[in-house]
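For reference, the structure discussed in these notes is given below.
Letters A, B, C, D, E and F mark the chains in the order given here, with residues in each chain numbered from 1 onward.
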């Protein structure tokens, strides 16, 4: 091929791709500095998995006494990586006049390190909850051969590890990262749990593909749901700009509720404790405790 | 284990696996040379993401002036990788008597480089459309905290980057690659958009898992669809060999249509502008503009 | 940040994370030694793909005669990796008093190597079946441009390669690994086929996201199903501990059955040969041959 | 092996290795923070080679116009990596009371970036000198087939690239890094040129192994030396602590001097221009211009 | 190129290269199983460097308390890797009739683990000696800017780390590995110290390239030598097969001896304490304490 | 740092580094296309080592029958990589008017493939010679514990593998690559053997650092040399441009010659069979058979 032609086309397109449209500029974060890195967040999730399920995901796993070394190393690494990502997230949309001022940088850094320590203080509780989830998945699935199969391989365990991590980060007020973390699991598993949702212990999802759990959902303890279930909004309240408002708009499932495959439960309604919602049901009103709703 | 036994079993199975069955031979491409590489196509998609959203996906991203260097390097790399893959795809099913003839090789190479330059000329337009999509996703989702969350993490953005790339390659007449690229996104996101579909600007998908958009679908501007929606064929026309024929068989959605979760819209029907199709609806006939179709 | 504070928090959490709760201990396998490695199982699946479809997945692929070298090397590597993983799986839940005794280790090692050779003897049959599946997918999909597109890129081919491998390992009595392998495909494709299911030849799934095929399902030859189809259990028999029992509880689909998108077929029922089940149908009773069941 | 014994030995040795002896503490730098990284310095040298000899060491090398993109990207990367290493080196031995104070950090960072820019301003001159060296090596070696062989493969070119880089960094006052860089080349090539030495243009070393060029050596233009040549100190001046003092103590070689293999030239003596020093000669006194000194 | 010709040549040469000549067979170790891995030995040396000089070579290095985690992890890894390599070395030349017998394997494994623990018990002493060496190198070199430069970058430190490790392994009776480890340093630095040599504390080598220290050399404390020095054998005692016998044949250097560049000291002679041997001296007879030998 | 200043400095230096000086242009090869890759040549040498000493360097090494698979795969890979590098080398300095013409490219490609096959035909002979070298090194070194230590770890074996490979390529007329390959070993081992030298079988070098064997040296069978030995030129014949001419100028060593450490043998002289040249000897005249030359 004529090498002048090649050069001309490449040079011209480099130029046009280097320009930012007005739309592009509007969508870029106001902050400066590097943005959080999806690749590093994946590495962080790998460390969290190794800390919580060392027998399965810590490649250095050996016996009980020596394990503390590996946990120590992993926790230090987690501190280092996560505090960096939180700092980036804090500066992400910071609209201070001169965000390069070292004062601001120092404040943000300290805050990022504080938030990271607060997260670390909560890993033990995340761990406790995830073991109850694993037990619930196992108890609920006649095809499960062992807890190990559940922990090592069920996509839904991935989804729950990401959700419970993202949820704590969101409670701590960390911006951006919680959603990125939960979408990593959404992409990998087809299970979409918003980090804002509240989910109790012993939570089981079977098969899982296509499950959607909306931002303001509240789920009690010992709840079980199946593939394709949507806990969604029925309709949106719009603000003056016509943009939907972020208000409680997803269902509340009380303890011991079961929802079978492909059911849609929409709006800020309450499903009373011990209720069973059948497959393919489309439900937009509250039901009392002990209800059994089947498709007509 | 008896090492003679091991050898015997391995040698015998090497032999049987080295033989091609009649069926296998029939299914292999007629062309020679290496086939397109899925791994390289993933690398190509990484370059395209970095070219279009440098702030989020270009690990070399710095300030505006210096960014052109990185764009230049990425565009050169894209030219090199993509022209190789297109050349492989062009030879893939080439049934010339002697496909090793240098004449043929030269023609295919030149053509591959031409097609690559034509693709490069269209990246700016792909970029413009993807920013409208990101804006639409953000506007449509009360749970979205920032454009950045949408671009960095929503699986549906991955799906749209792959779709819009694959669609342009298909329009340019490149064989094989468009489908492989779109299936990469299908696999990663659970969203299955055929590269042959036509999709306007400001297109939004929410949650997304299970969405299917068939090959001959036509979608206008400002359309929104939810998880589990199928834009499918109702039935197939079979050719004389009993194989389904590739004719227009998927729906047309005009501007501003919204389709809620798990709705199925099947066959070459038209959904008029501004219409709303409710969740779980099964629709096989056209509806006029401004329709509102809910599940009975 | 105060480095004493950092140290104190990290040290304290290392300690608490190093302790195993009673729940955690109960859920750990009784066996000792390393557990099977998900990373190695992915590498094993890569070798199997290269052995079965060398033209598409063997990066060393060249011409017919030389190909045997690469097949030999891949088969040796497969023997080495798979026998290690099977040995780990066999020791996984072994409750012998002193599992470190070399006698036990030797027995398990020999058995692992035997099982691996038995698996290797069956790869040719897995290969034959997968080519019939690829042909079925191609014949069934008007949007398929070539067999190559199907084999290289359709997620459902990934799902079938994993399923057919996992199914043979399960038939050979290998614990743990079959489910982990099939869940790898579930995660990657959104298609959930239990390794215990029985599936005949020329099996096609179109689009695929959200498909669930339960553990005791039996599927004949030339069956086709679409996205979102569930072949599930209707209800569970519970044992005395209230845990669901693993008995035949999923449907039987005879030859030439077609099931359209999002249909749910639940319970140990039989769908007679040549039947067609329409989209979104919810079916819990057997139907005779040549039935055509549509949504009301 | 008894796992209690293993634990006991490991735990005890972890403890003893974690303690710092008085000697170890005395030898550690006073500064805090991370130390310069040998691995990163190797990466930096790779970038410098690519910037100076792009045709041979820039894997992205293409044609003249597009090359600027790659040079831009490499220069940015160099700025980023080198300024980090210089900052670490500046803090390395900083004995300020509280080196964590942000004020100090800011000063050091700014200074590190300034020094890096100053280095970048001098790369063009380093480049010019290295091309004269390559030409000298080629002209001097009847066995050299092309300039390319010299540049790509002669260890002595490696030694000169490292020396000329380290020398400029030393002139700029950067601590620690110059010596580390020159020792990298010493290790890789067996040629030991101290970064403090002054070497003119068109400098040739043939074969090179065992060459030592001391810290205060001064070498003119068009000088040639052979393997095993030492330009060393004759004896040391000791300070009050008995430690040798760093004063001019190595030879001066004027223009056009040639020194044959294994000659030792020791002390602050001057070898006059155009002189020839024969192989194995042991020389500890100055010689006038045009001398020819052979072994007795 | 004619692909039949290519196949023919490759197939024929595969065959001839697969045959072992009588000579090749004679030179192969009698043992079976895998041989020690040079790559793993390099990894082991990296761990040892990190254990001994954590501030410089442990990429996880942070503060004092947390450092123990990293040391623990590194020591565990060292145990695992080194015991494997020692086991391979023990089986390397084992001429038992049936080396696959599990009894033999168990004995060798236990012995390998014991030897590894014994080595680990001695790392603290290796560490102490290496800090004295680093101090000696620093004190001896007016061009050394800091201890850090010496430890991080002097090739001779590499040589000493490898030598002191290899020497301990040799004392423990480990076959093969000591020599491989010392040759790794020989290759990397041009300094050839046989692991059998005995070297006291505060040992300094300056520049180093070309130094040879033979197998039976004995070197006291506070000895300094320069580049190109050979401590070699004068002549060999041959056995009945004409092969040189491994008897004491290299020099003894008592405390505080200095040997300047390129001196050769050959044979089982003794250099008395405080002696100085000048550059290029060729010495084959013992000299008393406080001697000063210069080249005539 | 002021980001405008940073941009300005980087932009200006990108520009100046992108310009080629007249000197730089003169030194670039006239050919176009990519240059041979040092990294690939290292990979090629790794393959050759694995083909010749599979027990030590082929990570896939198993038993005798299965080994042929790995040899086949390695030989194919060698063909592919080496023919590419030879093609690049052939075009390297090709001064045809339009080197992009496909005709020229085809000729060069065919020739590159032919040369590669010719090289492959000679690997068995290279292998035979290298086993004699390994035996000679072992027989000559009382400190060698086994053939395995020699083959796995002696730097001189590396030097000989590279030399014997480079020598055959040079005999085949391949430009550039032979010297690059031999300099790789020079750099790694401090042993500098020019690929043009002729060396018989059973060749031993002990210790090796600093050995130089010039381009036109001729060495018989069963020759042994020690560290620091130079087989060099005495003086150069200059051509009309004052550049040294490439004529026979290095020594001839007949069978069974031994040369001890640091001896220099210079000029086209002949050392008669069975002669012994002592350490540090400086020899510039021929000596008859059975001579014994010692330093005065």
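In this section, a residue touches a chain if its C-beta (ideal position, glycine included) is under 8 Å from a C-beta of that chain, and two chains touch if they have at least 3 such contacts.
All of these numbers come straight from a predicted model, not from anything done at the bench.
Student: Starting at subunit D, what is the smallest number of hops through touching chains needed to reach subunit E?
Tutor: Each step joins two touching chains, and the minimum needed here is 1.
Student: Can you name the chains that touch subunit A as well as subunit C?
Tutor: B, E
Student: Rounded to the nearest 5 degrees, what angle rotates subunit B onto subunit C on CA?
Tutor: 120
Student: Suppose chain centres are the mean of their C-alpha atoms. Which chain sits farthest from subunit D?
Tutor: C
Student: Check A-D against D-F and say which one is joined by more contacting C-beta pairs.
Tutor: D-F
Student: Taking all residue numbers used at the subunit A/subunit E interface, answer same if over half belong to both copies and different if under half do.
Tutor: same
Student: Where the centres are mean C-alpha positions, what is the separation of subunit A from subunit B, in Å?
Tutor: Computed value for the inter-centroid distance: 26 Å.
Student: Approximately how many whole Å separate the CA-defined centres of subunit B and subunit F?
Tutor: Inter-chain centre distance comes to 50 Å.
Student: Measuring from the mean C-alpha position of subunit C to the mean C-alpha position of subunit D, what distance in angstrom results?
Tutor: Taking the mean C-alpha position of each chain, the two centres sit 57 Å apart.
Student: From the mean C-alpha coordinate of subunit B to that of subunit D, what's the distance rounded to whole Å?
Tutor: 52
Student: Give me the residues of subunit B that touch two or more other chains.
Tutor: 10, 14, 66, 68-69, 71-72, 76, 190, 209-210, 228, 262, 280
Student: Chain pairs in touch?
Tutor: Those chain pairs satisfying the definition are A-B, A-C, A-D, A-E, B-C, B-D, B-F, C-E, C-F, D-E, D-F, E-F.
Student: So in the complex, which bits of subunit E are touching subunit D?
Tutor: Subunit E residues touching subunit D: 51-52, 55-56, 59, 61, 64, 67-68, 71-72, 75-76, 79, 110, 113-114, 117, 120-121, 123-124, 127-128, 131-132, 134-135, 139-149, 151-155, 158, 188-190, 207-210, 227-228, 261-262, 279-280, 295.
Student: If you look only at subunit E, which of its residues touch subunit C in the complex?
Tutor: Touch residues, subunit E against subunit C: 3, 7, 10-11, 14, 63, 65-66, 69, 102, 106.
Student: Any idea which subunit F residues touch subunit C in the complex?
Tutor: The touching residues are 60, 62, 66, 68-73, 76-77.
Student: Subunit A touches which residues of subunit C in the complex?
Tutor: Per the touch definition, subunit C meets subunit A at residues 1, 5-6, 9-10, 13-18, 20-21, 23-24, 27-29, 34-38, 92-93, 175-176, 179-180, 183-184, 186-187, 190-192, 194, 196, 209-210, 212, 214-215, 228, 230, 232-233, 236, 243-247, 249, 262, 264, 266, 280, 282.
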